[in-house]
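So, here come the structures, one by one.
Each of the next two complexes has subunit A plus one other chain: subunit B in the first, subunit C in the second.
Let's turn to the complex of A and B:
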């Protein structure tokens, strides 16, 4: 069970991952993120994202997997590094499996 | 055959391989960029620190030293204080001389800092470099003589008129010759001035301590003195040659030095374009 204040962390995690991928692959990072179900980009410039669905962990896993599928293992490490500073405040069980 | 190869369809595996490889290359570039960016921030912070330090030296330390020097000067020269006791006079004179040197040093340090930052205001005029080099060589000849060294000036025929800052170029020439005198225990110096095309070349050759390969790249940098420099010259600041480089650079010229190695003498060169402005 993920409590509310922790829920707020997940859009930020997704945003950090996308922005970090953007440094490497450019605007394609946002285009691909948009294709992940339950990710809604509110403001690309501000990096504002809304995560729908019931489990935000799964949405993050799908985002990481999408980049992985397209760009390989290296992209997964990039996603992990990007999210790392925000993961410290989460309990181990709350961390999406793709980022462990 | 080649045409068939070019038209052959790329398999999804190949496509993925290429995409992944491109991703890795881009990632490497981003990592390098981040490193450069990080170093740049560190450099900016260091520069800010240096600017603060220069500000403090300029407004505080120089002020204290100058004030103390003026007090010594007044004690020595102001008649209303009455005659200075004979026993105290040498100490007062020593204090005055030491503080004068201190103020000069701070002034030189600030000038070098301003020259390096490109904020020094040069007074560019039509000058005769031959006149400058001759006058300074004559004065330096006395200093060399005190140390038992010879100083020979050779000026080739030619026109040595150019545009430049007479005061700063004079100091640069003085620094070059001074430097050679300081690091030459025996023998002497040969100062040579010649004109070649649209350039003027000044060289100062000495029979001194020479330059090690380790020191060569640091020679004209701030604080770039040799490791044994202070043993030879206790007043070495390491700013003299840095000043020369800054001034010559501002005149679109260049400086360099040659030496066969330690204890084999050195030759310092200063090349200035005649058309510099």
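Let's turn to the complex of A and C:
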């Protein structure tokens, strides 16, 4: 069970991953993020993201997998590095499996 | 949508038609004696650069799609495109000189070397960007890969030195020429070693839809370096002439690089629409 304040971390994690991927593949990173179900981009410039669905961990996993199919393992490492600073405050069980 | 797809096909067809045309005309020219075919060889040798101009300009447009200078991939595509345009500049100057001064080849060093040597520097930067895309910095965590990181460039630089620079005489040569005599083989050895390293090290790291297009770009760079090394070898041994085997290798290099860049445009479209 993920508590509310921790729940707020997940849109930030998604935002950081997208921004980091944008530095590699450009605006395509946002186009790819839009294709992930339960991700709603509120403001691309500000990097504001809203995550729908019941399990934000799964949404993050889907986002990471979306980029995975572009660059493979190298892409996953970029996502992991981008999210790393925000993962320290999460319990191991709350960390999405793709970022472990 | 249909218009986009036909434009996509045309962008592959144009360089392919140019390449086939110049390949057949090159084969045709080979049946003549070198001394008897000067004019036709000069004409051939001074016009095939159309392929590098086309590839360079197309690459700059494709780079913009990938975010241009704001993204790593966009920057890599732009830099490799600029490399092609630098080569074009070098060849345009050489053609101008040979045509107007009625000589077999341009002097060395000359203004054209800004383009030729500039392309070496640009390709070094381009291949460094490609290596980052390939996940080389992640794979450096493995000790075995750190060993590759040192051995491949040292081997290539050493080989280049022994093949082209051993016993080099400094007397009576201008500083610019000494700089270029060392800069060309060592610079080319550097970018080809980074390209080979990227292929070896990224084998397990780079995957997905972009794996093959990035390897294609790296392969095009390796072929370019083969052409450059052949040029140096033939120039030193006095066997280079316009429209010879080395010019055909350059034609192939430009074709491969142009196709690799254009392919990045198609991949972008494919990902966007998937």
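Keep this in mind: the second predicted complex is superposed on the first by the 100 of 100 C-alpha atoms of A that agree within 3 Å, B and C clash if a C-alpha of one lies under 4 Å from a C-alpha of the other, contacts with A are read in each partner's own complex, and residues count from 1 in each chain.
Quick note on the criterion: a contact is a pair of C-beta atoms (placed from the backbone, for glycine too) under 8 Å apart; a residue touches a chain by one contact, two chains touch by 3 or more.
Remember, it's a predicted structure, so these values are computed and weren't measured experimentally.
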Combined model on subunit A where subunit B meets subunit C, clash or fit: clash
Contacts for A:28 in the overlay, against subunit B (first) and subunit C (second): which applies, first, second, both or neither? second
Does the superposition put A:71 against subunit B (first), subunit C (second), both, or neither? both
Winner on subunit A touched-residue count between subunit B and subunit C: chain C
Between subunit B and subunit C, whom does A:92 touch in the aligned arrangement: first, second, both, or neither? neither
Is there a shared patch on subunit A that both subunit B and subunit C touch, and which residues make it up? 23-25, 70-75
Subunit A-facing residues of subunit B, complex: 16, 19-20, 23-24, 26-27, 30
Where on subunit A is subunit B touching in the complex? 23-25, 70-75, 78
Listed in rising order, the residues of subunit A that touch subunit C in the complex are 22-28, 31-32, 68-75, 77
Which stretch or stretches of subunit C touch subunit A in the complex? 65-68, 70-74, 133-135, 138, 202, 204-211, 268, 271-272
